[in-house]
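You will see chain A twice below: alongside chain B first, and alongside chain C after that.
Up next is the complex of A and B:
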């Protein structure tokens, strides 16, 4: 067997240009496949950990996925609000450790504005229990302070101290602006890879303040108080909202989750809905996870195309190599050894393709990884090959061997039919 | 690849100096069982060291006969003993093994593997036959030395020539490298399939004389096939395949001698 493999190697070296092209096409497809697999895992993981540490999400009664979409992903709108009294009642439940009130409805140049409290910066967790950190500045202090998600700051090129004007409503283009009350950028959050990056955070009181005089849904001339009056009102605690959109709830003990969930769902004064974030996330992933599967299928197809390229190259080379095969037969090579020669070549090409592909992937991750982590908050690990990846690579190798078997069988047939006749 | 099933080919039992190298009795070959045979030979014996010229036009069964002698084709009927081995009874693997160990083969053209050096081409049979490897090593210090010795004998001693890619050699040089390969490891039988037809007329005889000299030195039996009848005077014996192949219809016989040269 060894002399045959040595011959395969020399033969391949003789055709190094085509061999290199074949190896490259396999390498690119392998790095794409494994890259997509890694990204896929990261996206799935990132999605499942969009919000963590929160035990229950509470909103007005409706669909759990809808609640998750507007409360966590800032997509769509709430069908109804929660009254401040209900929020107080939830916060006062004995097993509740903390609550984060969320008030949505305004936007800034297409990014959602979230009214919340300091509890947000203390208790909000994403990933594996990671807390929000400020890249620059600090949480809101003044009534008109805003803390920007990293993507908001980067896209709109905002710096600390810049003045921004919020728009009423959530459309990208809005005709009703709170232009009389500009906010100051007080802090910019570090990237998280979650919807937090695309959110403008202000205090609950600020949401109330900018809507004073808007009780009819639009500013009423002459009735709106000026900035000084609003600040004074806020200082007196007079800007307590009447309603909020949703509440994130943290419990003292996870064991109480279902009891508290039931208590909230059966709350008599107002129809409320409490969902477990993990369950709702899984429901949502079941819908959108199809895209991720499709991505893997597409990259697997790329591998198949790459291997077809190898099959074409091998079969084309066979026609040029019938002479070589007849010579080998004449010096005593068995047809099985001819088969081994072609299979050895395919195996070698596939192995090198896989090695090159993985080297390429690790190289790319080393170069582009920090950039991706910074821009998208996605940390694509450059750790060792995982079990699933190993399985994918083994499948690529098996497919390569299959290609070798197809081409090798053709060579076997040819060498049997040709015998010692040299055909050109 | 295993070498199981070839133990019957004990090397020492072969090459009995007394018996014929090739013994044929009522040999028949057909491509398919339901077709008439393309080659039938009633009786043929070739003695050790004999230099036999097989002459015949295309279609007379030359390639078929060589395929049978080299063990590439399976005998359909009758017996074919080569070096005392009943090739008609051996399986495909055993016949391939037999060829590797005992037969040197020279093609008409394109004898060399383009990606191997001249010396590697000559040493190629030793990759497939342990017997020939052992025998080559018995003569030289290593395979390269023995290949070099054979190349020297065949007039390819120029070191500059040795390092050149084999594809750049002239046809005559390529044929001599092929002859060196066929002699490597001292097989008992050398089969040459029109080895001179690509050579100039004056080179032909020189090549054949070279082949004779080496065969004689190594005690090889030479089977030389050609459609060029002008060479037959150089050989011990001539077999006209068109006349002895019983499978050819008489019509073919009448038509056969025409395409010559």
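Up next is the complex of A and C:
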């Protein structure tokens, strides 16, 4: 067997140009396949890691997935707000340990602004129970203090103490700014890889303050109080919000989850919806998981195309090598040995393709990984090959050997006379 | 129409029967081939978790439910009382410390995207919007050690083996209910019989 493999290797080296092209096409398809598989895992994990430790998400009655999207992922908009009285009723339930009120609807240069309380920094958890940490500064203290997510600070190049102006609405560009009330950057959060990185956090009172005078839907000239009046109002406690967008709820015991969910869903004063984050995540994943599966199927198809390329190259080479194979036969090689030769070549081609493909992938991850993490907040790990990836690679190798078998079978069938006869 | 209000009737019906459709563990003696793996654990049914003397359905006799008019205030009173009873949902303290094996649906609480490390085990879930989620004595809280984390999807059916811990009454520190300190999980292989 060894001499045949050595012969296969030498034969490939003899046709190194076509062999290299075949290896490259397999390498590209393999790096795409494994890259997609890795991306899939990261997206899935990043997705599940966005929220942790929260037992219920409460919002206005609507869809659980919609509630999860706007409250946690800051995607889309709330169907309705919930009243402050309802929030206080939820917070006062005996089984509730803590609550984080969330108020959404404004933005700063395309980044969502979240009105909340200090409870957010104390109780919000992501990625299996990790708490938020401040890279610089402190949580908001003053009425016009803002705490930035890491990506906001990096993209817009903000530093502690900078003044920022919030815009009304959630567009990237806005024509209605709250320019009369600049905020001061009080703190910058450490990166989390979650939507928190793309959020500007201010206090609930600040959200109320910037909207004083906006009650009719647009600022009314001469009606809006000035900064000093707003601060005075805040000091009197007059900026308690009338409504908030959603609430994150933590319970004293997780056994009570269903009981509290039921109590909130049956709350008589206002139609509310309480969902379990894990259940809503599963619902959402059921929708987008299909796209992720499709991506893997497409990349698997690319591998198949690559292997077909190898089959073509091998079959074409058989025509050129009729004499070579006939000479091998005439010096005593059995048809089975010719078959083994071709299969050996296919094995080498696939193996080298996989090796190059993985090298290419790791190279790309090393170069582009930090960039992707920066832009998309996706950290694609360059760790060792996982079990699933190993399985995929083994399948590619098996398919490669199968391709070799097809080409080899053809060589096996070619008679001795075929190669030695004078072609007309 | 000498019937209950349709909605009340529906609620009453489901309170007693659970949601038809998906339900596991209520079929008597569903044999399982993997049961032999942990001989020490006794296979229990969800009904075991309800005290035998707790029978909210006896209320029906008191109220003569079949002859109540649609808008009879007593029908509303009955529904209110039933809801209240189910909200209390007493547990069976004698089960504390028993090694058990219980099948159910996984309602995920904590996941990392591929594995579920904390979940509530319930006898029925999903697809049925007409009933509220299961009461406290039909819910078991399971927290798995990292090496046992369940590599599956939400609402998969599994067997959980472990020691049952019962908190008999609610207090400031703990909530009444069941918890299993799991030592093993296995996929539920028996197809739930169509009801």
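Simple rule for what comes next: the second predicted complex is superposed on the first by the 399 of 424 C-alpha atoms of A that agree within 3 Å, B and C clash if a C-alpha of one lies under 4 Å from a C-alpha of the other, contacts with A are read in each partner's own complex, and residues count from 1 in each chain.
Criterion: contacts are C-beta pairs under 8 Å (C-beta built on N, C-alpha and C of every residue); 3 or more make two chains touch, one makes a residue touch a chain.
What you see is a predicted model, and the numbers here were worked out from it, not measured in a lab.
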| item | value |
| --- | --- |
| Clash or fit (per the criteria above) of chain B with chain C on chain A | fit |
| First (chain B), second (chain C), both or neither touched by A:52 | second |
| Touching partner for A:128 - first (chain B), second (chain C), both, neither | second |
| Chain B, chain C and vertex chain A (Cα centres) - angle in steps of 10° | 110 |
| Partner chain in contact with A:340 - chain B first, chain C second, else both or neither | first |
| Touched partner set for A:323, first chain B, second chain C, both or neither | first |
| First, second, both or neither for A:7, with chain B first and chain C second | first |
| Which of chain B and chain C A:332 touches, first, second, both or neither | first |
| Which superposed partner A:278 touches (first chain B, second chain C, both, neither) | second |
| Which superposed partner A:44 touches (first chain B, second chain C, both, neither) | second |
| Where chain B and chain C come nearest after superposition, their Cα distance in Å | 44 |
| Chain B/chain C common contact set on chain A | none |
| Of chain A, residues touching chain B in the complex | 1, 3-4, 6-7, 10-11, 13-14, 323-324, 326-337, 340, 419-422, 424 |
| Of chain B, residues touching chain A in the complex | 1, 63, 66-67, 70, 72-73, 92-93, 96-97, 99-101, 103, 105, 107-116, 124-125, 127-129, 181, 193 |
| Touching residues on chain C, where the partner in the complex is chain A | 87, 107-114, 116-120, 132-136, 139, 141, 153-155, 167, 172-179 |
| Touching residues on chain A, where the partner in the complex is chain C | 41, 44-49, 52-53, 55, 95, 128, 252-259, 261-262, 265-266, 276, 278-279, 281-282 |
